[in-house]
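One chain, chain A, links the two complexes that follow: it is found with chain B in the first and with chain C in the second.
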Partner chain A sequence: MSTTATANLIEAKDLTLRYGRSKVALERASFSIPKGRVVGLLGHNGAGKTSLMKALVGLLPGEGELSVLGLDPRRQRGALLEQLCYIPDVAVLPRWAKVSELMTLMSGLQPRFSAQRARDLLKRTSVAEGDRVKNLSKGMVVQVHLALIAAIDARLMILDEPTLGLDVISRKGFYEMLIDEWCDGERSVLISTHQVEEVESLLSDVMMLDEGRLVLNISLEDIDQRFTALSHDATLADEFAAAHPLLRYRQSGGRSAVIFDGAPPAALAGMGERIRPSLVDLFMALTRNPALHSKSA
Partner chain B sequence: MPTWNDSAPIYQQLADRLAVQLLDGSPPEGDALPSVRQLASTYLINPLTVSRALQALVDNGLIESRRGMGMYVTAGARLRLLHSEREQFLQKEWPTLRAKLQRLGLGANDLKWEQNQ
Partner chain C sequence: MSTRFNTLILREWMQHKRGWLITMLAPPAIFLALLPFGQVEGISEHGPLGVALLGLLICTAAVFGISYAAALFQLPGLARRDQQDRSIEFWLSLPASHSESIGATVLMHALLVPLAAALVGFAFGGLIASGLVIKTGGLSSWAAVPWFSAIGIAIPVLLRGLLGIVLMSLWLAPLMLIVMTASAWLKRWGVPAVGIAVGVSGLVLDKIYGLRIVWEVLGAQFEGAGNALLASPESLGQQMQQMERTGTPLSTLAWAREDAQLALQSLASPHLIGGLLVAAGCFALLVYKRNHNH
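Coming up: the complex of A and B.
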């Protein structure tokens, strides 16, 4: 067990999570996250993203096998929380506190927290140590939160929708801090988000959840190998539809495109131009949006 | 934020952008490229994707890895690049452009070649 723990920061096998007696939040998911990765966790609301992240930090019991940093999140939660950084989707910082007071608090709570590192990270932002949380914008609060969390000497960071409700400038600042200050080839981060297009270039891997099932778990490099996207003239739509692609969509400029899982039928390969299957298109192809399907159900 | 289109994989688009800069002499031959971390930060791209882009340039003989020191522009990289870019233009872009010029009835004298030089 210790050998797999050193190779992978997270190891899950047939992990099932339940809410109450009957509702299944995650169904027999198996995956691993090695070091040095930026893993995007994508899914519609209610797909199981938050449940999975809670289970990883020991807040939700599960069936199956789960090891995080070589520890059992439920039984060894205290030891685990000293070694990982977690920002839940409901995270709030106390509004009355000064940033400097939060740093003092963190120093007392977290043995691996470095106040000096937090100060260095804060210098990237427009926030001063004397500022009170209640006087900061939403984007600044998130940056303070990330600075505090990233100042923990840990190998794994888990972020549940950190950019929710932020404007584009704040999101960019957040991504820059993540790439500059966290990605060092050793540490990994698991990040859930709805900003699929924005985070695509930041990711090394992606996990997609659809109604509790892990429908895709792949590196960005392998996406280019496995999936084929073909752009074609709209007049050829019937031929392409007949080959049952994973997804058909309209491109800007009046052309159409399809995505195949694997190579397209040989007859069609010459009729279209090969393009990059984007993450957002794959997401559309592989997951069902409950908001769109609820009416017909 | 830097934008990437769906014409090619992101690492390929980054490799193409870096190649255009090499063609403009930035950085010049024999000089070092920015580090993987710097490029990742500049373009907001995962470092592994940056490494793939650099490997593509290595495979084309435009840059080389010097142990422990990073990536350097090879001698003759600019000329090699210029040659392949010219080939690419003549084979892929020029036929379309020529057809359009002919359709519009534009000849060499109408193009005012030297004006912007």
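Coming up: the complex of A and C.
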């Protein structure tokens, strides 16, 4: 599908990803990502996040329809990679290389890479151009990789656990750089992370995977409209439990809370105080819940 | 060549330059360091010009030979390079095709670096030749050598050698790519597996069925490679002996032209064409493996 016809940078329909004949990494996922969005891809280990990202950049074949920037990721992988930037795993920079050498190589391989921009971004870190990757700490390697990738003038950024190994200050610095300097309303970011609370304020949309199924694909604005979280006194726990909420959990101060997909039973609505469901709570509610295995997003 | 391919070639230089430079520079450096203390035998019967030419050509051949042997030793491992430290994922995230990446690696290691080694050996050959001449005949012998003529005699031989390296690589391409492909699939068992498969199949076909096809094919490839590098070494030797007898500096240009023609004519061989088809098939398998490696 051409992106001239739609504003979607990624279009997937019934996308299924397999390893061999028996292992299904992703099953019949359908979603689209328009431009100007910051999409969080959440899921437990083994949920299919990395497989999905690999499929988006043409490294994993799939069944169904998939279009990224109007291109077929498998057949037009070279052209696609010129227009997006991808961090597969933050510890994969070649250890023999100096930072300056990586810049030289990326200048030659990635037409949209700006060495000057990379230098400017590198100045925010404690890494010098003459440093060799093998002599850097894990966090420094992450910072270098992020600086290199963010120096690519791409329309789509795909980040697989980009902040693993970074301390909290560096993580915040990366998020600030992402929002301030990269997201301009035309570009989109797809970021998978386990640090759900940290990224929640950055995200415009969220996709949740659970054991290869897309269980949620929603904008953060629509979360409040779809899901209802009620805070209630702990003594009312049995009444709320009888209504089969998605999730029941404890809050601070001795209170309890429940999350419903949709409106709660009328009898219970007045017995609790409506609160905003956090992404973490939604994540807990929608993933690894046996009662939800037959539900779709 | 595209910018991307050139950059991939540059990558190889950046990653391996230290080892390559050591392989090329250490042998002549060690020889020069030991020369004042050692004995030189077997060449004193040649005149100063003959010693100089021998020094020049032997240094070139030795540096090339050591570098080529090192490259052949490394080639199988290149098929799985970047896997251990997972940097393959970094390279796969950049817009370079699998065939470009593999092609740059093979071209650099199997051809460009050996060519460079020959040139480095030739460059150092002057020093080695000077050292040998002084060692065998003293400074007066060194002064008696017409060095410009010596260089003029050696250059056509060098150029013939450079062409020979290119043609030899064509003959050896199937063998190199077979072991690379085997290593890509079987990892450290790749080379032994190829050796065992070739050996067992050759012996079975030979001893049980009376078919020597495996040995004949291998022999044809190695013979072709040898002829590609130097088709008629005996005629070069004869010319050098004549030069020493008559004292007239020989013209190697005609010999180089004739020898090159012989090498080029031998390219019209079903063995070479079949070998190149096998090499192309192995290259495709390497691309397939890299494409499905995740």
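Operating definition for what follows: the second predicted complex is superposed on the first by the 281 of 297 C-alpha atoms of A that agree within 3 Å, B and C clash if a C-alpha of one lies under 4 Å from a C-alpha of the other, contacts with A are read in each partner's own complex, and residues count from 1 in each chain.
Everything that follows uses one rule, which is that contacts are C-beta pairs under 8 Å (C-beta built on N, C-alpha and C of every residue); 3 or more make two chains touch, one makes a residue touch a chain.
Nothing here was measured: the structure is a model prediction, and the numbers come from that model.
Colleague: Record, for the superposition on chain A, whether partners chain B and chain C clash or fit.
Modeller: Overlaying the two complexes on chain A (C-alpha atoms) leaves chain C and chain B fitting together cleanly.
Colleague: Who does A:Ala97 touch here: chain B (first), chain C (second), both, or neither?
Modeller: After superposing on A, A:Ala97 lies in contact with chain C but is clear of chain B.
Colleague: Regarding the shared-chain residue A:Leu286, is it in contact with chain B (first), chain C (second), both, or neither?
Modeller: Neither partner.
Colleague: Check whether A:Ile218 is in contact with chain B, with chain C, with both or with neither, and answer first, second, both or neither.
Modeller: A:Ile218 contacts neither chain B nor chain C.
Colleague: Using the superposition on chain A described above, determine whether A:Arg276 touches chain B (first), chain C (second), both, or neither.
Modeller: A:Arg276 sits against chain B, while chain C stays out of touch.
Colleague: Once the two complexes are aligned on chain A, which partner has more residues of chain A within touching range, chain B or chain C?
Modeller: C
Colleague: Which of the two partners, first being chain B and second being chain C, lies in contact with A:Leu164: first, second, both, or neither?
Modeller: Neither partner.
Colleague: Between the C-alpha centres of chain B and chain C, what angle is opened at the C-alpha centre of chain A, expressed to the nearest 10°?
Modeller: Taking the centre of chain A as apex, the angle works out to 140 degrees.
Colleague: In Å, how small is the closest CA gap from chain B to chain C once the two complexes are overlaid?
Modeller: 26
Colleague: In the superposed view, which residues of chain A touch chain B and also chain C?
Modeller: The overlap between the chain B and chain C interfaces on chain A is empty, containing no residue.
Colleague: Within their complex, state which residues of chain C touch chain A.
Modeller: For this pair, the touching residues of chain C are 3-4, 6-8, 10-11, 14-15, 82, 85-97, 294.
Colleague: Residue numbers of chain A touching chain C in their complex, please.
Modeller: 54, 57, 59-60, 77-82, 85-89, 91-97, 101, 104-111, 145
Colleague: Would you pull the chain B residues touching chain A in the complex into a rising list?
Modeller: Per the stated touch rule, the residues are 1-2, 4-11, 37, 40-41, 43-49, 52.
Colleague: Using the touch definition up top, name the residues of chain A that touch chain B in the complex.
Modeller: So the residues of chain A in touch with chain B come to 36, 38, 168, 172, 175-176, 179-180, 183, 185, 198, 200-204, 220-221, 224, 229, 251, 275-278.
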